[in-house]
Amino acid sequence: MTDKERNKAMSYTDNNNTEPELVQNFRVISPGRMVAKRFFKSKLSIAGLIMIIFVFIFSFVGPLIIDATWGYKETQVFKIERNTDMVTVAQFTGPDGRTYDYYDKSQTVIIFKAPPSAEHWLGTDTSGFDIFTRLMYGGRISLVISFIVIFLETLVGIILGGLAGYFGKWVDQLIMRIVDVFACLPYLPILLVLSAAISSIETIPAEHRIYYLMAFITLMGWTGVARIVRGQILMLREQEYMMAATTTGISSIHKIFRHLIPNTMPQLIVSATLGLGGVILYESTLSYLGLGVPFPRAAWGSMIALADPSRGQEILAYYPNMWVPAGILIVVTVLGFSFIGDGLRDAFDPRMKR
Amino acid sequence: MLKYLLKRLGLAIIILLGASALIYLLSMLMPADYIDNQTSAALQSGAMTMEDVMRLKELYGLADKSIGGIAKSYITWLKSTVSGDLGFSFLYGKPVTTVLSEYIWISFMIAFISYILQIIIGIPMGIKASVSQYSAYDYTVSVFAMMGTALPSFFLSALLMNVFAIKLGIFPLQGLTTATTVFAPDAHLQILLDKVWHLVLPITVLTLLNVGGTMKFTRTNMLEVLNSDYIRTARAKGLSEKVVTYKHAFRNTMIPLVTSLSGMLPGLFGGAMITETVFAIPGIGYMALRATRQGDIPFIMGYNMFLAALTVAGMLISDIMYMVVDPRVKLS
Amino acid sequence: MGLLNIFKRKKIEGIDNTMYLTLRDERRISKENNKIIKYYERMKARKNVPEEEYLTQMRDPNNVVEFENLHTYFFTDVGTVKSVNGVSFDVPQGKIVGIVGESGCGKSVTSLSLMQLVQAPTGQIVEGSIRYKANDGKCYEITKVPRDKMLKIRGKDISMIFQEPMTSLNPVFRIGEQMDEVVLLHEDGMTPESAKKRSIEMLRLVGIAMPEKIYSKYPHELSGGMRQRVMIAMALSCNPRLIIADEPTTALDVTIQAQILELLREIKEKINGSIMLITHDLGVIAEMADLVVVMYAGRIIEKGTVREIFHSPKHPYTIGLMKSKPSGKTTDDRLFSIKGQVPNPINMPDHCYFYNRCDRAMEVCLGEYPKLIQFSPTHFAACYLYDESRLSGDDLAKE
C-alpha cells in the first residue's frame, strides 16, 4: 500500500465516522450473560427453577411460619379423637349345613391417622404427627444433606481429580485405580451395609447417624467428580494458554487453582446440579428402609415407608394422604434439579446455540 | 488386539482385588459384639455352634485386630473366595454360593424382561425424538424420561400397587405365587402363568424407571450423528429420510448403544433390592437386603463381591463389544 | 431478575452499553419464526403435487441450471439471516462456473438450495426460483419440487462433493457399500453385481490404482486425497448433468489439490456435464472456471467470464480481491488486505453491504442497493461507480 492510499483510507474512516454503526450492528455479549440468557430461554429450565424455589420456600420458610403461628414442630403429637366403624366379617356354617356371612359392627375411638382437615391439611399420621409439617421438615433435611454431600463430593473430587490430572504418571495411575475400585463397588448395597452397621452400634446416638450417612454417601460418590476434573484437566493441559501460563513462571498450585480449576467449573456445576437429585433419591431410599434419618425426625423416605405393604395394606389402600405427597415432593425436587442441570448444560455448551 | 484385551483383563483383576480389600474392610467396621448379637439366635436354635462363631470372627478379621492378624485372615478369606467358596450364610443356613445360585434366576428373569422392554421402547422413542428435535413429541418424551429417573422405585411401586392391585385388583399385591390356590404338581403352565402374573407390576416398575435413560442416551447420540457431514452426504445421494435415519445414522448410534447396553448385561444378575423387597419377590436383591438387615456378614460380603465381579465383567464386555461394532477399532 | 446478577461482571464501556435483545424480543422472534417455518415445512411436505406445479421453462435452453432472484433465509432466534439475498446466475451446459467469496457469504447455501439441502427447519428458500433442465428435456422448478421427487434428482442428475473428505464418508460402511447404494438407488435394473462393477469402474476412472482393494475398505483406512477421489467417484456414478463441488480441495495438501482439480476437469470433459465450483481460492478459479460469480454478504456483486473478472474487475471488492492475491510479480513486502469485516448478517443495512469497507464509497452508496450494471454480454457488476445516470461531477473528480 502506498502512503497516498493509506492516507486516503484513513481520511475516509475519519470523515465518514462509520465505526459506531459497525458496533451497533454487532451484539457483543459477555459469556456469563450468554449462559444466563440461554438458560432462561429454555422453558424446562425455568420450570425447574420454579420447582426448586418452591421446594426451598416450602422446606425452609414453611417450618418457621408454622412454628411462629401455631408453635409446634415436626414431632408434636396431635391426639384427635374420632369414631370409626369397625366391621368384622366372618363365615360360619349353620346347623342347616349352609354357609352364612357374619358381620360384626362395633365403634372404636382412634386418636391417630386423622383425615385432612382445616387444622391439619393433610391429616395426621400413625404417630399423630401433622403430615404437612413433617413434609416441610423432611424436605429441609433432604436438601441440607444433598447440598452438604454434593459440596464434599465436589471438594474431594476436585482435589484428587486435580492431582491426578495435573501430575499424571504414577499419581494419576494410583488415584485413577482407586477411582476404578470405588466405581465398581455396588453403591446401594454397600451404603445399606454401612448404615445398618452404624445403626446397630449403640454408642452412636441416633441424631449423629445423619452425619455418618453423609460421610458414606460422599465416600461412595466422589469418583464421578474426580473423573470429570481429571479428564478436563488432561484436555486443558494441552491447550496453548496453559503453555503461556507456564512460560510466565507461575507456581503449580497457582496454575491449578487459577487456570485449570475455573475452566472445569461449567462441567462441575452441571454434574453437581444433577447429582443433588441423585443424593436425595439415595437418602430417601435409606430412610425408606429405616436406615436413614432416624425416627422421630421426619424424612420423605420414611413417610412413604408407612405404605409398605409388608406392614399391612391399610395405609397403602386407604390413607394416600400419608405417603403420596411425600413421593410427589421427591419427584418434584429431583425433577427440578435435573431440569436445571440439563438447562445449564445446554447453556454452557456453545454447540447448542441455534 | 489380543494384547489390549489382556491388558484390560489384568486391569480388571487389579480392580477386583482392590474391591475385595475394601469390601473386607467393611467387615472391620462392624463391632465384634454385633456378630454376637446377630448370631445369638442361630446359636440358640442350634444352627451354629460356638466354634462356628469363633471361626467366623477369625475369618472376617474380627478376632485378632492387629495388622498382622487382619492381613492373615484377609489372605485366608481371599483364598477361599477365589476358589469359589464365599462362606456360609448363618441366616439362610446354606453356603452363600448355594443361596446365590438359587435366587439369582428369578432376579435375572425380571431384570432381563425389563431390559428387553427398555430396549424396544426406549430406542425407537429416542430416535423419533431426535429426528423431530424441539417438537412437541420431543419435549413430551424427554420430560417423561426424566420423570422416570426422578421417581423413587418404592414410591412408583406403591402407586402402582395402590391402583392396579388394590383399587382395580387386576394384579396381585406381593409375592411370587398365589398362596391361596393349590396347583396340581404337574400343572407347569398354570404355575408359570401365575408367576408371570405376579411379575407384571415389578417388571413395569423397573422398565418405567430405566426406559428414560435408554431413550435419552439414544436421543443424545442420534442428535450428534445427525449433525455430522456423512449424513449430509447420504442426503445428497438422494436417499430417503428413512434410509438416512435408520441406516446411516442409526448404524453409527449403535456403537455407543451396544457398548453401554451390553455392559449392563452382567448387572442383570445382581437383583433389584428395593423393588424386589417392596413386592416381596424372593430374588437375590430381596435376600441380600434381608441379610443386610440381619447382619449376615458372610452373605453380605459374598453378595457384594459378586456384584463387584458383575460390574467388572460388564466393563470387559463393553470393551469387547466396542471392538466388535466399531470398524475403526478393529485393525488399529 | 436478581439472580441474574450472579452472571454479571464489571461493566465495560463500549461493550456493555450496547443494545441487547431482551428475552421478550427473542421469544417474539422465535414465535414469529415458528409460524414462518411451519408454513414452509408444510409446503415442502405436501404429497401428490401435480406435475404442472413444478414444471417450468428454461430462459435459455443451453443452461442446465438458472438461479433467479433466489432468497434463502435462516430464521434464527436472534433474527433473520439473509444468507442468500437475491442471487441470479446461470450454469450453462458443459461449463465450469466458479463461485467465489469470503466464508459466510452464502456461496454454499446457494448450492445447498439447489439440492434442497438447506439446514431445515431454520433455513428456508423464501423467494425466487431455481430452474433445472433434466436429461429428458423437462424443466423443474426446484423451489417447488416436492420432497419425494427431489430424491430422484439428488445424487442422480445433480451430485455433490463436499469440503471435508475426512468426515463426509460414513465411517461404519465399507467404500463399496456406500458407492453401490447410489447406483442401486437411481439406476433401474441394477443388481448388486452390476452395481459393484460400476463402482469399481468409477473408482478406476478417478485414478485409484487398485479399485477392487479400495472397494472393500473402510473410509478410515484411506488418506484424505483418496477419500476425496472416492467422493468424486461416488458423485459420478450415475452420470450426473451437474456436479457441485463445495470447496473440494480446501482440506487437502497442495500437491493433492492440483491432482484433484486436474481430475475434475478431465471428468467434466468425459461426461460433458457442468460443474459448479465453490471456493475462496482465486487460484483455483483462474485455473478451472469458465465463468465466475463473485458473492459478498449474500448477494452477487460481480459476474463474468474468467478473463473479464481477472483482467478488468469492476467492483471495488473484486478489485481488492485481485490485489490481495499473492502473485510473485510485485515487489511489495506486504500483502494487500481489504480492511474491515463482513457486516453482521442480522439486520443488514439497506444500502450496499460493502459500503463500510469500500475506499470509493460515495453519498449515493447509502441509497438503495445498486442494481447490476452490464459491461459486456457476460460481465455484470453491482456498483454505483459505473451508474452513469447517478454519477455527478463531484464524484467523477474524486476518481
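Going in written order, the chains are labelled A, B and C, and every chain counts its residues from 1.
As a convention for this text, contacts are C-beta pairs under 8 Å (C-beta built on N, C-alpha and C of every residue); 3 or more make two chains touch, one makes a residue touch a chain.
Not measured: the values here are computed from a predicted model.
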| item | value |
| --- | --- |
| Pair of chains joined by the greatest number of C-beta pairs in contact | A-B |
| Farthest-lying chain, centroid of Cα atoms versus that of chain C | B |
| Chain whose Cα mean lies nearest the overall Cα mean | A |
| Distance between chain centroids, defined by C-alpha means - chain A, chain C (Å) | 50 |
| CA centroid of chain A to CA centroid of chain B, Å | 23 |
| Mean-CA-position distance for chain C and chain B (Å) | 53 |
| Chain B to chain C touching residues, read off their complex | 228-230, 232-241, 248, 251-252, 254-255, 326-328, 331 |
| Chain B - residues contacting chain A, complex | 11, 14-16, 18-19, 22-23, 26, 29-31, 34, 37, 139, 142-143, 146-147, 149-155, 158-159, 161-162, 166, 173-174, 270, 273-274, 278, 280, 288-289, 292-293, 295, 300, 303-304, 307-308, 311-312, 315 |
| Contact footprint of chain B on chain A as seen in their complex | 44, 177-178, 180-186, 188-190, 192-194, 196-197, 200-201, 277, 281, 284-285, 288-289, 301, 304-305, 307-310, 313, 316-317, 320, 323-324, 326-327, 330-331, 334-335, 338-339, 342 |
| Residue ranges of chain C in contact with chain B within the complex | 115, 117, 147-148, 150-156, 159-160, 162, 164, 167-173, 181-182, 185-186, 218, 220-221, 231, 234 |
